[in-house]
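Next up is a structure, given as structure tokens.
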């Protein structure tokens, strides 16, 4: 049994890929989270139409996240 | 009487199919969940237009889930 | 006076018809629920354009349900 | 001063008309409710384009209700 | 300092105009409310394209209300 | 460090400009608020296409507010 | 491990860039926040189609925020 929050815990400092509710896909290194699944990404990038936009260090509100994949 | 959370409990390590609010359909092995119906899938795949995209291990926020079916 | 949750209670093992927020209509045997109106259906079917798609045993998140009718 | 929940209380066994968030209009006899404004209607009917579809006894989730009118 | 709920309190038995999330505009006499801003209107009317539809006594769920104006 | 609620506190009796979720822009004198950011505006006006519609004294539900600017 | 709220804490008096749910992008100096991620920005600007609209000091409701980036 793997609690969702535990998977985030063991994913720290690993690259993840996020799907947001608005359809955007973000990638970055997971460096923090809280119990609401708010996330902190380092070296975040948004990929859109083959291009990559660099966002740096960001906070993401968990309520906008659909899924979190380990890369 | 089957509590929804109990059905998730007995579905562990079984293949499930998820319908998300945005219409996406995901399949994978259920390896974890919490009381908010946040889910952890292993070997997750998204099926779209006959093709299958492999997502690996993912966390899904329960608030985006419409229904969970045992395959 | 009939509490909504009580009507679910007495509907156990009966066929129900669900309208979901996304407009889908599901039918099936109600075999469980919780206080959030998350539901467990057995032998669930989705009817769309005269065709019936069989979904088997499913968990439905209450937040996506508009109405529950006894058949 | 009339508390909203009190108006529901005194409307029991009376015909009401409901406007839902998705624009549907339902009518029926109010036979139950809870503190979340989840409702139980008996002999529920949906009126659409001059036609009436009979739904029987239904549970309605309060979160989908916009307004409740006494007929 | 005027608490929003206090303004409702002093508006009792006065005509108000409501803007709902779906864009509808309702008018009526405010005869009740609760702490969630659920409202009870008497002699409620909806104005649409210059015409007035009479709704009688209604309960409005606060979650659908955008703004409440004293007339 | 300025708590959001503190900025509302010191903005009392000052003109503010509100952006609502539905895109509307309202202006008016802030005369009250509560901990949910429900607001009371006096002499509220909506500006649309260069015209100004006067709304008088209104209560605004905080859940519809995107941002609050001091003018 | 970086808690999302801690990143906000250390970002005080720094320039941030916000993506809102409605797609708007705001920039400004973060001068305050609360536990709901409601934010206070000073010297806020909205960038749209290459132009910059100055908004001054604003309160932003956290529920409308998708992501917060340090610039």
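In order of appearance the chains are A, B, C, D, E, F and G, and numbering begins at 1 in each one.
Definition applied: a residue touches a chain if its C-beta (ideal position, glycine included) is under 8 Å from a C-beta of that chain, and two chains touch if they have at least 3 such contacts.
Nothing here was measured: the structure is a model prediction, and the numbers come from that model.
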| item | value |
| --- | --- |
| Interchain contact steps from chain C to chain E (minimum; 1 if touching) | 2 |
| Centroid distance [mean C-alpha coordinates] between chain G and chain C, Å | 42 |
| Inter-chain centre distance, chain B versus chain D - centres from mean C-alpha coordinates, in Å | 34 |
| Inter-chain centre distance, chain F versus chain G - centres from mean C-alpha coordinates, in Å | 19 |
| Where chain G touches two or more other chains at once, by residue number | 63 |
| Sequence of chains encountered when the ring is traversed from chain F in the direction of chain G | F, G, A, B, C, D, E |
| Interface residues, chain G side, partner chain F - complex | 12, 20, 22, 26, 31-34, 38-40, 44, 55-61, 63-64 |
| Partner chain D, residues of chain C touching it in the complex | 1-8, 21, 23, 37, 62-63, 65-71 |
